[in-house]
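Have a look at the structure below, then the notes.
Chain IDs A, B and C follow the sequence of writing; residue 1 opens each chain.
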């Protein structure tokens, strides 16, 4: 499959400021890959280097095996959807889309047909003769997309294309983009700082921080098995707890948190007494009312006091302060028919924590 | 360290700006440096210079002489030009500020634009034509004297006096003051002024403690522009003063022309630039203070 | 309540009347000049009757016509050349950071801040030297020497036209979204294609404004031209100036009126270009806007 992009040891410096730091990245042909990270971590710069709008200070880039590092942007089979859309204000919608085709001196009828197809694909068929200033932001975005795909690039780069749209439109466009990706079958590289966007749309997500890729994985893996504290906190909400390994038995460890213990599945060979960080999703924290008789399993979970309960609409969250420690744990339960799934739990109640071993993820500190 | 693409881009930009930059270097920077050099040389008999270094021109320049004429008493002449220009700047400011405030205060865009165009037209038209128009109006045989006749009044001589040169300076400078002032006044937040009013300041206090500091940058810029324009005026003293109220530019022209003393002309030119530069530096300092 | 309102009304009236006086002063001389260019009397002191004779006499005035054609020849060459140079310079200066940008900016500021009289004498000094050198190298004697004339005027005009036009083109380039050019390159256009298809259409009002600025400066300039002119290359402002120093014929009034009218036409064209540019950028009210 075409559209394989490889970055080898790519570094970008602005002056002495290292923005992209010795990055190695292999983007498979035809996949939908997101670059996810906080503002200023170098996502746009990475994208612009692939497009050729920025030159790496070190390292090489290749497209389908051919080195493109020294190729100017107009010679790369890569197109970009810009964050500000960058539609040409003096050209109509159809002339904007025909821009790349005219540069290639395609035939008149061929151009007309391809422009029509592209407009259909983004569902803007009846706006061909409008000018960019005459259409709404969401429509401009579609035109920018059509303009970038009409020349059949091998790779489409999208730099936060949805960030200027309102919430509803943003969610509708996620589905549209997925559909177009399936229809075209080309590589999409999608930049975003919205983890929801990255998780719902991508085949794989590269989490970036300070110019480096911290983890590159499928969304489920990323969510369930974050490799570092940063990834865990950046992807979804996670309780990050300081803990110490109490016992290690094969791939199962028991860790000491607060005044209790929790079981965890762990592949790494942690020795007793190692300080670690636990990551537990709020949805997977169970709260047992202490008064109702604590479950006494292999490990007795830590106890704590409910300090906050918040109604979230479709769910309720409870914050528990662990006894004998200043750490807090958040638990979330879906509401059933508008009734809190925590039952009659109140602020001030004592509770005991419990988790499935598969829900507790061990991160080495 | 940079990649071939970046180097190519840099070369392209250099190629784009080279002709223009070279043109300005060749026709401004080098000639002006030459004039500085000339001011330290000795005059050749028929114009031009002999390459013999001397401070004679500056010594001559500093020789005080009460009878200011074209050929001596440069200090008096310089002082007079600076003094007139400073006064003209103040008068222009006093006339322009109400105009700028009035334009900025108009509610409809149409009224605003119409008034602005009224100021831009003289700004844009030939200085020579405008000065000639003043001269025509005030000539001994001109319309004003014609109207005086009509009312049975005695004719008067307006032209060829220091007073009319001063009027000419203000007249030519007015649009150059209004435009920067207007830009500054337009940006003033009216709420700040009302707030000052609410805090119990009277109109005069609001003007000096709130309004003037707010427009200071534009005000200083306008004053600087007008001062530099006036102090180097050539056409106004020539056409309206008729040689009886010369300014620095007349002496420079005379030294390069009739008097054939280029080093002397250069020394005066250098002094004029120094004076303008002082004005500019002063305004830059005032404005950077305003910002901090 | 009422006192505040009367006070506001009173201050508007004061501002308004001072503004009216300032504008009246600004326009009176030119207005009178325009009216009296249709006066059949030889002096401005009396109004005799309406006539177009002074305008009719212009084409028969060989010397005047030569001056006009010289002025046009210079302006019509200097304007396109300096517009191209200014556009290149603007692209080169706004295209990104480079070493020596600050000093380049300062050099480019020279023509803007230098008093004209200084520019004039500097060019006189430098060009005399350059011409002497050129004539020596080419071995030209007194008879066939290259002298001050149209080429020297043209060079000087191209220099200051370029400097001022660059200001305007740069301003419109700075308003341009850099992503537009990047999008064009990204879609497969070369830099050259990007300039013609995207950048130039976007900055066209600025380029046009710069060209009109250059045209006006060229046609109007007196002081600088005065120092680099030579026999047989008299431009219109210099011809008018020379006539003012001799006798005043009313035909000068007609010529001055025509110059005034021409600058207004150019100004209107410039304002029109600007308005067209900003109308393109802003979404128009009638444009059909639909929710996405």
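Keep this in mind: a contact is a pair of C-beta atoms (placed from the backbone, for glycine too) under 8 Å apart; a residue touches a chain by one contact, two chains touch by 3 or more.
Note that the coordinates shown come from a computational prediction; the quantities given were computed from them, not determined experimentally.
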Pair of chains with maximal C-beta contact number: B-C
Chain nearest the overall C-alpha centroid of the shown protein atoms: C
Most distant chain from chain A, judged by the mean position of its C-alpha atoms: B
Rounded Å distance between chain A and chain C, as computed from the means of their C-alpha atoms: 56
Centroid spacing, where centroids are CA-atom means, of chain B and chain C in whole angstrom: 18
Chain centre separation (chain A, chain B; CA means) in Å: 61
Residue list for chain A, restricted to those that touch at least two other chains: 52, 72
Chain C contact footprint on chain B (complex, rising order): 9-10, 12-21, 23-25, 27-32, 34-35, 38, 47-48, 95-96, 98-99, 101-103, 105, 115, 117-122, 124-130, 132-137, 139, 141-143, 145-146, 149, 171, 174-175, 203, 228-229, 231-232, 234-235, 239, 248-249, 252-253, 256, 262, 265-266, 269, 272-273, 276, 280
List of chain A residues in touch with chain C within their complex: 51-53, 72-74, 78-80, 82-84, 86-90, 99-100, 103-104, 130-131, 133-139, 141-142, 147-148, 151, 165, 169
Sites on chain C touched by chain B in the complex: 7, 11-12, 14-16, 18-19, 21-23, 25-30, 32-33, 36, 43-47, 85-86, 88-89, 91-93, 95-96, 98, 104, 107-108, 110-111, 113-129, 155-156, 158-159, 162-163, 166, 191, 216, 219-220, 222-223, 227, 237, 240-241, 244, 248, 252-253, 256, 259-260, 263-264, 266-267, 271
Chain B residues touching chain A - in the complex, by the definition given at the top: 1-6
Of chain C, residues touching chain A in the complex: 177, 179-180, 182-190, 193, 197-198, 201-202, 280-284, 287-292
